[in-house]
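Across the two complexes that follow, chain A remains constant while its partner is chain B and subsequently chain C.
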Partner chain A sequence: MEDTFGVGSRSRTFLPLTLLSLLTLPILVGYVWIVISTFSTRTYGLMPVDANGNFGGWTLSNWAFLWEDPIIWRLTANTLLLATGLTIGVVLVSSMAGYALSRINFPGRKSFLATTLILHAFPSVTLLIAIYFVLRWIGGIPVLGRGLPIIGGFGYNTLGGVILVSVALELPLGIWLMKGFFDQVSWDMERAALIDGCSRWRVWWQIVMPMIRPGVAALAIFSFISGWNAFLIPYTFMASQDQSTIAPYLRGLVGATVPINYSEVAAVGMFQLIPILIFFIFTQQYLLSIFGGGAKGGQ
Partner chain B sequence: MTAISKPAPMVEARPRESWSDTLRRSRSGLLFMAPAAILVLTFFFIPVIIITGLSATDMSSATGFQKWDWVGLENYQRMIGNPQAAYITWNTVKYVVLTLSLFNIGMALVVALLSTHIPRRAGFIFRALWLLPRITPSVVYIMMWKYVAADAPYGILNAQIFGPLGMETTNWIPAQPWVFVVLTNGFVGASFGMVIFTSAIESIPRDYMIAALVDGCSLWQRIRYVILPMIRWPLLFVTTYQTLSLLTSFESILLLTDGQFNTEVWSLWAYHRALNNYIGNFQWGFGAALATVLVLVGIVLAVIYMRYFQFDALVQEPKIEAL
Partner chain C sequence: MKVTFDDLTKRFGDVVAVNNISMEVQDGEFVAFLGPSGCGKTTTLLMTAGIYRPSNGNIRFGDRIMNQVQPKDRNIGMVFQSYALYPHMTVYENIVFPMKLKKTPKQVMDERARQVADKMGIGHLLDRRPGQLSGGQQQRVALGRALAKQPDLLLFDEPLSNLDARLRLTMRAEIKRLQMELGITSIYVTHDQVEAMTMADRIAVMKDGYLQAYCTPDELYEQPQTLFIAGFVGNPPMNFVDVEVTSEAGIYRVASQGLTGEVQPLRGQKAAGRGRVVMGIRPEDVTLSREEQVGTSPGLVYLVEPLGRDDLVAVQLGDIQLHVLTDPALNLAMDEKVWVKISPERVQFFDPQTELSLIWR
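Up next, the complex of A and B:
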């Protein structure tokens, strides 16, 4: 196996490998615990124990919430809806904007690009207080505010509102990434299509979008994960924990004032974690590149 | 009069485009931009205006949305005069400086350096593992840390380390809140710098490294005199970028301690005052003033960040228009 700088004999890699393993250990401990804990009555540290404190006590009863607590399925459906809505919204809106910024000359192009870059660094969480007022105002609009099926509308205390805010806050990153991907596409095919009288919309949807499929996939994966994980926005803008998504509900369980049964709570956490872990196994390369790519401005 | 028509002005061979022509020509461009523009306007620009305006009012759940008054800079005076302000500012500085130096820069650099000095495949696996905390749902991630620190006999620290050694056991989060605030944020934050530093280190020409080796440089000398000078630009970028994001992020503190045990930071203070507290009196005006301070810091840092990280190079004219 080749070392990055061609300096790696076994003895030379031993020290960095050991050090790195030690530093990485704390990360692994938490995940090992959550797996053990969800299948045991209780745990003393990483050791599963039964009711008397002896080793053992393996059980599946922590997963009983899946069929005993109907709330979890509504929350799962909502979380899935949030993640899917966020993904579709971010990919569509930012690929449209990214395409225009990369390919079309229109007044305000440069300033929009500058704005996007500033917003990319801008800390959007500081605006939550004001966004609360915007959502309350949207909530006052008939039908659109709180009269839509499934997502409830786009106002305060609706799933649609949470999706809308999440899409908006992710746009600076999305637009920037998409523009970068469009910039790399050669424009010969596009020019040919335009000369043949193809409209800009068809060029975008049928010619250029398929060419940047890896970019779309990367942004989609990233958005889905952040939608599935989202805590702060649903927690802030959905008044009732039982109506929102898994994360605020889990926070309610962990933050309860009564002594909590860690094994049961861990099972709910594991339930939220599983899709992410599966995603992670298949898409680490994409994710590693998007965290670098999201910050391309600095290179 | 009409017979002698004025000669067509030579200079205006291409007459200035009228406003409606510009609009027609760039219609599709503007349509492509419309959804993004509307969302950015609604959720970035209008909120900035709202939050600035709101900070000059006494609006709270006590006044409601009708009976509030303009109070000018009173909220800012209250903020400065507030006895909490001093220690919350100190907390914020502590939180940003410790997390940034120990993890977002320090640990990121260590992991990037170590993982590029072992076989490629192993390095990749370690970097993937370090990414794990970032993509784990924050509620689940903090729950893990809470269990690490939990009381004996449950907590992992107590059961696996302090108990067997016969040392004092306790719930470590109230006992050492700042250790855990820095650790929880740090293990998430380190991966950003790690990814950027790794790609910077890997793009250093091999010749430099080989030359250094031929000259008999030790590992430390190679790091100090070859690698660090060559990645100083990414280092500066990560430092400024992460300072800003740490200054305004409060999600994991909210989940870990909710500001208890003297861990309230500025952004969490604003959030608590305006949107989420147990007393149930939401002081939107005062909270907005607290947030406005952060918004100002954010804008200044973002503009600096844009100026110094070669923005113009990224904005080329679109080629297709040169058709």
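Up next, the complex of A and C:
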């Protein structure tokens, strides 16, 4: 026994590594395919081929949408706006709600927590029609509905509306997450701050929030990524395609009429992927604290 | 500043954490709340700080009723067991934070912070963060933060419990010295009777939310009002023996299976003729010898525990076991026969039902 499974023995790391590599392989192959196909006319499997089926056929024409279809830049800006708006909304509301749920005893606290959890388990598809009517109604409100600059408003077929709905759907997770982080801050810390002369607001903002900064960062990154990748909500509630975000645009390319140019789809996909990949590489250490279950700054 | 509690009560749902406590802390006095965990001492402290609202009764600072006053308006300094330093601020920022909130002029603030830091011996640490300090240093910073705001009242919540034994001794002396120097009224919560006995001017002993006694350390030790106090205060703890007290021609005697002896009339008076009562006698108030004398009872040495300066000897007398502090020079061995004598003017008597003292009540 001890010979084969002793501490640091090779078989101990070898087995899991092999298993994990095997499991990762399909995903890896998918990425490799995307990269290859964005620069080729067609592919046979992972092999780029030209019109006659011979190896070769390298081209940049798949990326032509970047200069021939200027709408992509507007869509990129919208996607950024959606991701940023979602992040700000989720972090702001979750951190305040999470603090209240963690620290303040008010009637309905327990049932609120339970309901939030159920809401989180709710598939958002089932809510689409109901949300449509809500957004239509909001659209009827003067100014707020569809008269705001940049985001358009909060009604149906506006970016603001999409942000509003996305924030709402993201909140249950955010609130629970933030509550968990707040729970880890010791009561003594808050008592000390109250005695030192803070108001409750200041305790939250100046003492507790800085202490759970890793948690806030993790939630922000998480929200940003999910906003950037969002498809269903912008696709459903932004009827005009040229006002929407990248994900619905991508869906449009796989649309009905002409034979689908999968190489172009891959290129747009890559285009959407690159910023988030870079973002992820720089921020992944914070994301880990969501799963690691806690703020390091606590003590 | 004088602090007064009038019928102070705190309930959490059905649980009564603090039950009808009335007491007074004089201006400049150092008072310790002593009791086992869950006795309500920290709850009382947090009510004084304004973190909890009393369910009943009043807290007064001077003549002013403070029940509804926010913690930030009470001008108190508090030191916690967990230090509760703000981890994202440097030591200096921690110390000036309360003053900043009070909008103290910058120059005054800086001056006071450095003065306090020097006094606490943390002047060289001002740029560090709490995470880079040892436990003892953190507790000094916490104390400095509480002092720099020049509070009217200092509250301590078991501030030394997280420190190692040696450091605890040093800090104990330092806190006491500081408090005497500055003359700030202080309330100190602890479960450590040695801390309470050595530091406090007066000790409030609490149990299950009730105030059991409120008196000087000497009184607490020499004249325990209840069985609980007698057993809680003193180390090694007091021996308790069920006895009967009889009087004959002005001479009071105690007797139980195995132990007999004579006691001072003043002490025995109330206990005499009551049937079974609880006698308490401290380990240092029992003497052992190898020869039989008047008023001694025979026993067997059960165990000898050397404590360095003394030996703690357990002696078996019939069914009862007494712990006795003896001179190591006596050199007792296990199972050796000894003669036990209790000090007649040092015994305590308690009613077995009410657990109240039959001497001091």
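Criterion: the second predicted complex is superposed on the first by the 252 of 299 C-alpha atoms of A that agree within 3 Å, B and C clash if a C-alpha of one lies under 4 Å from a C-alpha of the other, contacts with A are read in each partner's own complex, and residues count from 1 in each chain.
Please note the rule applied: a residue touches a chain if its C-beta (ideal position, glycine included) is under 8 Å from a C-beta of that chain, and two chains touch if they have at least 3 such contacts.
All of these numbers come straight from a predicted model, not from anything done at the bench.
In the superposition on chain A, the chain among chain B and chain C reaching more residues of chain A is B. By the touch criterion defined above, A:I36 reaches neither chain B nor chain C. Judged by the touch definition given at the top, the superposed model places A:P210 against chain C, while chain B stays out of reach. By the document's definition of touching, of the two partners only chain B reaches A:T236; chain C does not. With both structures placed on the common chain, the touch criterion links A:L144 to neither chain B nor chain C.
When the shared chain is aligned, chain B and chain C each come close enough to touch A:L194.
Overlap of the chain B and chain C interfaces on chain A: residues 191, 194, 199, 297-299. Across the complex, chain C meets chain A through its residues 46, 49-51, 70-72, 74, 76-78, 80-82, 84, 86-88, 97-98, 101-102, 131, 145, 149, 157.
Of all residues in chain A, only 1-8, 12-13, 16-17, 19-20, 23-24, 26-31, 33-34, 37, 42-47, 53, 92-94, 96-97, 99-107, 109-110, 112-134, 164-165, 167-169, 171, 175, 183, 187, 190-191, 194, 199-201, 204, 225, 228-229, 231-232, 236, 246-248, 250-251, 254-255, 262, 265-266, 269-270, 272-273, 276, 279-280, 284, 287-288, 291-292, 295, 297-299 touch chain B in the complex they form. Those residues of chain A that touch chain C in the complex are listed here as 186, 188-189, 191-199, 202, 207, 210-211, 213, 297-299. Interface of chain B with chain A (complex): residues 22, 26, 28-30, 32-33, 35-37, 39-40, 42-44, 46-48, 50-51, 54, 107, 110-111, 114-123, 126-148, 150, 153-156, 158-160, 163, 183, 187, 191-192, 195-196, 199-202, 206, 209-210, 213, 233-234, 237-238, 241, 244-245, 247-251, 254-255, 258, 267, 270-271, 274-276, 284, 287-288, 291, 294-295, 298-299, 301-303, 305-306, 309, 311, 314-321, 323.
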